[in-house]
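Next up: some structures, all given as C-alpha cells.
The two complexes that follow have subunit A in common; it is paired with subunit B in the first and with subunit C in the second.
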Partner chain A sequence: MSKHLALFGFALPLALWLLPLALLPLVATGRRRHAVPAVAAAPPDALARWIGATLTLAGVAAIAGLVLGLAEPYRVGERVTRIGIGAQVSMLIDRSGSMNETFAGRQPSGAEESKAAASRRLLAGFVGEREHDLFAVTAFSTAPMLVLPMTDRHEAVRAAIAAIDRPGLDYTNVARGLAMALSQFGTDSGISRALLFISDGAAVIDPRVQDQLRADFAKIRPNLYWLFLRTKGSPSIQDRPEGEDTPQAAPERHLDLFFRSLGIPYRAFEAEGPQAVADAIARIEALERDPIPYTEVRPRRDLTGWAYGLAALGLAVLVLAALAEADMSARRRVERPAEDAPLRRAA
Partner chain B sequence: MSEPPSADVLYLPRWRPRGSRPGAHRGRDAGGLGTFRDQVPFLSLPDARRIDLRATLRDPFEGVHVRRFEARVPVEIWALVDLSASMRYRGAGDRMALAGELCAGLAASATRIGDGFGLIGCDAAIRADLTLMATRHRSAALAMAGKLSGARCAAGSPEGLLEAARLLFGRPRLVFLVSDFRWPPDLTRRVFESLALHDVVPVILADSAEDEGLPEWGLAELDDLEGAGRRLVFLRPSLRRRWIARERERREALTAAAAASGARRPFALVDRFDAQALSRHLLAN
Partner chain C sequence: MSAALPLARNLRAPRFLALALALALAGAALVVPAVPFTRTGAKLLAVIDITGSMNVRDYARDGRPESRLDRAKAALRRLVAELPCGSRVALGLFTERRPFLLFEPIETCGDFAPLDGTLASLDWRMAWEGDSRVAAGLYRAIDMAAGLGTDLVFVTDGQESPPLPGGEPPAFEGKPGAVRGLIVGAGGYALSPIPRYDDRGREKGFYGEADVPQENRFGPPPADAETREGYNPRNAPFGSAAAQGTEHLSSVREPYLKRLAAATGLAYAHLDGPDDLERPVRAAATPRALPGALDLRPVLGGMALAMVLATLGAGRADALRRRLPRILSPSEKT
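And now, the complex of A and B:
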C-alpha cells in the first residue's frame, strides 16, 4: 500500500488541509428543504435511499476533487525495466578523410555518394528497426570521439549517425577508437553485445595497446563486426602483401588477424559498394537477436485534470439533482382557483 | 379574526343535555317553551296553563292532562387544539391559521345561540395562554380564537390533550378535537378514550399539498417539523400513489380509532375553512 502511495505526490500539499471540507455533504445539503408535518408520511423507498447516498457521495467527490485539484496531484516519474528483443550495439565509425571519398576513391560528384554518406544512409535504417536496441556511437580518426553514449533514444542515435558524413578529419587510429567503443558497453551481464566497426582502412595497433585491448575484449566479449568499406583497388583483408608481411605493409590483414586471435565471435564484411554495405548490415541485424532488458522512462504525470474531472462529475450529478428537484409550490397555485369557482356560485 | 366567518356552523349535540338555563338545544328535561314532548296527568305536573283540553276530553276516566314541552338548554362547545410542532406546517394553507378560522367560526356560531365556547391549547402540557374556559361572551371567545393563528408551536407530542380531557370532567360537552393527528397510535387511542364521555368531533387539519397536491416527478428533501430528521424522496407516479394510499389508510385508522371510543367520524378540513361543509358533516354524523 505504502509502495503505491509513494507513487503519488502533490505540488501544493498545504491545500490538502481543506480536505475535511469534503465531509460537509454528510451533514448538510444544498437542496431546498420542504418542512413537512411528518416525514413518516412518505412511504419507505429504497430508490430514494440510493439516490440520497449517491448525491452525498457526489457532494463528497465534488469537494474532494476540487481540493485535490488545488493540491495538484501527480504521479511520480519512474523507470521501468522490461525485457525486449535487441542488443547493445556500439558503433565505431571511421572519420578519417578517406571516408569522404566514393568507393572508387574519388571525391563524390553528381549522383555518386561518399562512403560516409552511404554508411550514414544504411546505418540510419539499421537504427530504429528494432525498438529495444541500445546504441552508442563513437567516431575516431587520430583521436577517438565520444559521439553518443549507450542509449535507447533512437532519435539521438539517428542524429549522431546523420552527422558522420561531415568532412572527415585526419588519419586512422584504430586502437584508441576500439578502446573507447568497448568502454561504451555497460557492466550488465547476459546481454547481447555487438561492436560494429566501420572503417575504410586500418592502422597498426601498438603491441602494448594490443594487450590492453585483448583484456578488454575478453572481459566484455562483444560480437565484433567489421564492415570494411573497401576502396576499389585497395588491398583486401585477405590479401597478402607482396614482400614482407608486416602490419605496416598490410594493416588491414593484420587487424583482421588480431581480431581473429581475440577468441570472440567475429565477422568481417568487406563491402565494395553501397549494396554490399546494405547486405552486410542486414546480416548483422539478423544475427543480433537476443533478449535485452531495457528501461522505459515514465515521466511524472499531472493528475490535476483527473481530480477536476472527478469534481466535475460530482458537480454534474448535483446539478442534475438540482434540476430534478420537485417544485412543491407551483402545482398548488394552479389548482386553487378551480376549487374556488363552484363555491362562489353556491354562495 | 377580524373578518366575520362566512357562515355559521350548525351542530346538533348527540345527547340530551340537562340544565335549567334556557338555550338552543333540545334538553333532556321538560319545561319551558320547547317542542311538545308528551302529556302527563295534571297531578304530576300541576300547571294549569298547559292543560291539554283535547286530551282531557278524550280521556274516558276524566283525568286532566297537561302538556309537557322539552326544555331548550345550552351546551358547551370546546375546541381542543393540538399545538405540537407539526401544526406549524404551511402547505396550501397555513395550518394554525386554519385552526384559528375554525375556532373563530365555532366561537361565533356557539355564542350566537347562547352556547358557551371554550378552548384549550395543548402541546406537551396545557398551554395556559391559549386556554379559555367556556364562555358565552362572543368577543372573548373570538379574541382567543384569533390568538391561535399566531400561536407558537414547539413541542413534539401533544400529551397535554390527556390533561385537557381531565379538565372536562362532569357533564358531556361537544368537543372539537382539532389536530393533524400525526400522533403515535397509542396516544390517539388514549386521547379518544379519555374523551369518551363527550361528543367528540375529530377535525383533521389536512392539506392538499400533503397528498393530492404532490408533484408527479422530482426530488424533494423533506424536513420533519417534529424533529424526526431529513429525508430525501424521489417522487414518481408509483410512489405518489403509494403515498396517497398511505395517507388514506392513516385517515381510515383514525376513523376506526374514533369509532372505537364512540366519537363521530373525523371531519377533514382541507386547505381552508368551509363552514357549510362542516355543518353538513355535523348534521349527518
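And now, the complex of A and C:
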C-alpha cells in the first residue's frame, strides 16, 4: 500500500490542510432550508434520502477536488526499461595546453582550427544525434575535473563541450583522468558503455595506479575508444622509438599497449586533421549502434486535471440540484410558516 | 412535478449563480493553458575558489565543522535551486591565477540534475596548481563573464598565496562596473589552521608557520626594509630575519575583498548560512527578462473553492439568521 502511495506526491502539500473543509457538506447544506411543522409528518422517502446522500457526496467531491487541485497532485516520475539505440558515453577530454594548438603544432590562425576547436565542433554534433544516449564529461590536465555527471540532458552536455576550446591548463595526467571517467558510469547493469578518450598525447601511467585501473576496467568493462589527435610529425601510436622501448620514450605506444592488455573492446583512432576526427566519430557512432536496453526516466505526470475534473463533476451535480430546487417558502409566504417548527434540512 | 419548479427564481438565486460560477471556474481550470509572461531571472558565471585555504573548516553544520568549500557548494546548490526557471548558470573553478570554465551557461530547471551533480562533486583535488592569486583570478573571471555575457559570482576567501608584494593587488585594467556581480567572502573572521594533504590526497595535519611563504620576496623590497634588522641593500634587502606572520592561518580577508570589489565595481557579500546567496545575488545581478509561464489553475481553483464554501456558509448563516432574531429579540427585523 505504502509502495503505491509513494508513487504520488503533491507540489503544494500545504494546501492539503484545507482538506477537512470537504467534511463541511456533512454538517451544512447549500440548499434552501424550509421550516416544516413536523418532519415526522413526511412519509419515509427512500428516493429523497438517496438524493440527499448524493448531494452531500457531490459537495464533498467538489470541495475535496478543489482542495486537491490546489495541492497539485502528480504521479512521480518512474524508470522504465526499454530497448532502443543508445549508450552511456563517458567522455574524457584532454585540456592540456597543447590542445589549443593546431594539428600542425602551431597557434591557430585564419582558417586553421585548433585541436580543441575541432573536437568541440565535431563532438557537439555527436551529442544529441541519438536521443537515448547518456553522456558524462570529464576533463583532465594535471588533475581530473568532473565537468558533468552522467546525464541525458544533451543541452547541458553541449554547454560543457562548448567550453573545451578555452585555454587549456598545464600537463597531461592520464591515469587519474581515466579513473574519474570510469567512475562516471553508474552501477546500472545491462547498459552499453563507451569510454571516449580524446587526447593529443599520452603520459606514463604509474605502475601502482595501473593495477587499480585494470581492476576498474575489468569491473565496468566499457568499450574503449581512444581518439588520438596526432600533431603532424609527432610519433604515432604504432611507432617504435629508436632507442629503448620504454613508456618514458614512447608514452603513446605504451598507453596503447596498456589499453590492449585490458581485455576489453578497444579501438584507437589516430586523427591528423579535422576530417579524420569526423570520420573517427562517425565510426564510433556506427559501432555503438547495437540495440541496447536503456532506462527511460518518465517525467512526473501532473494529475491536477483529474482533481479539477472530480470537482467539476461534483459541482455539476450541485448546480443541477440548485436549478431543480423546489421552493416551498414561496408557497408558504402566503401561509406564514409555523414559528416554532424545528429547522431541518429539506431533502 | 417539474412544472412546479421555480426555474426562473432558481436561476436568479445567488446560490445557483455561485455554484454555476464555481463550476465554470473548475471547468476553466481543466482547460486553461499556462499564460506566458515575463519574469526576471539571472544569467550567472559562478566561479568557485578550490585552493587549499578553502579546506579550512571554520563553518559548522549540525554541530560538526564544515569546510568553506563545502559551505560554498551548499550555498551555490541552494542558489541554483532557487533561481527562477530559465535562469542560466555557468560554472568555473579558480585556482592558480585563472578561472577554468567547466561549462557554458546551463538552464537551471530543465538541466538542474547535471548542474547540481557537478556542484556536489566539486573538490579541491580538481585544482591543477597550488597557487592562489585571487586578484589575478578575479580579473580574468570578469573577462570570462564579459565574454559569456553573464554576471559574475566569485566565491573565495581572499587569501593570496604567495602573499602579494607589498600587500598591493595588481591594478584592475578593465572598466569597473562593466560586468556586474558579486564577490562572496567565504570563511570565518577568526584565524583557523589550514589542513594539509599528502600527494595521495590524505589529510596529514595542518600547515605550520614555516611551511608557507609569509612574505613575497620577489621584486623590490618594501618601504620599511631599511629599518629591518640585518638590512643590507645588496645582500639582505628584506632584512636578515626569516619572515614571520600568520599566512599559514586563514580567515576571510574581508577588507581586501571589499577593496577588490570596489575597484572592479562588484558587490560584496559574506557567506554565512547556506541560503545566504540568493538575496545578494539578486541585488547584484542584472535582472534578465525570461519567458515564464504562469499557472492560472490555483487562482481559478481557489476562487471556485471560495464560491462553494460561500454557498455552504450562506446556508448556515441563513439558518442562524432565522434563528438568531428569535433568540435575541423576536421583534427586531434583520
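The rule we apply is simple: the second predicted complex is superposed on the first by the 206 of 347 C-alpha atoms of A that agree within 3 Å, B and C clash if a C-alpha of one lies under 4 Å from a C-alpha of the other, contacts with A are read in each partner's own complex, and residues count from 1 in each chain.
In this section, contacts are C-beta pairs under 8 Å (C-beta built on N, C-alpha and C of every residue); 3 or more make two chains touch, one makes a residue touch a chain.
This structure is a prediction, so every number in the text was calculated from the model and none was measured.
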In the superposed arrangement, which partner chain does A:Thr29 touch: subunit B (first), subunit C (second), both, or neither?
both
Which partner chains sit in contact with A:Ala48 here, subunit B, subunit C, both or neither? Use first/second/both/neither.
first
Dominant contact partner of subunit A by residue count, subunit C or subunit B:
C
If you stack the two complexes on chain A, which partner ends up touching A:Leu315: first (subunit B), second (subunit C), both, or neither?
second
Contacts of A:Ala40 with subunit B and subunit C, given as first, second, both or neither:
first
Which partner chains sit in contact with A:Ala324 here, subunit B, subunit C, both or neither? Use first/second/both/neither.
both
Please identify the positions on subunit A that touch both subunit B and subunit C, taking each partner from its own complex.
29, 31-33, 35, 324-327, 330, 339, 343
Partner subunit B, residues of subunit A touching it in the complex:
29, 31-43, 45, 47-49, 51-52, 55, 321, 324-328, 330-332, 335-336, 339, 343, 346-347
Please output the residues of subunit B touching subunit A within their complex, sorted ascending.
6, 86-92, 95, 180, 182, 208-210, 213-215, 217-226, 228-235, 239, 242-243, 246-247, 250, 271, 274, 276
Note which residues of subunit C are touching subunit A in the complex, please.
2, 4-7, 9-11, 13, 15-16, 19-20, 22-23, 26-27, 29-30, 90, 93, 98, 100-107, 110-111, 113-115, 117-118, 121-123, 125-129, 297-298, 301-302, 304-305, 308-309, 311-316, 318-319, 322-323, 326
Would you mind writing out the residues of subunit A in touch with subunit C in their complex?
12, 18, 21, 24-25, 28-33, 35, 59, 62-63, 65-67, 69-70, 72, 95, 137, 139, 141-149, 151, 153, 155-157, 159-160, 162-163, 166-167, 169-170, 304-305, 308-309, 311-312, 315-316, 318-319, 322-327, 330, 339, 343
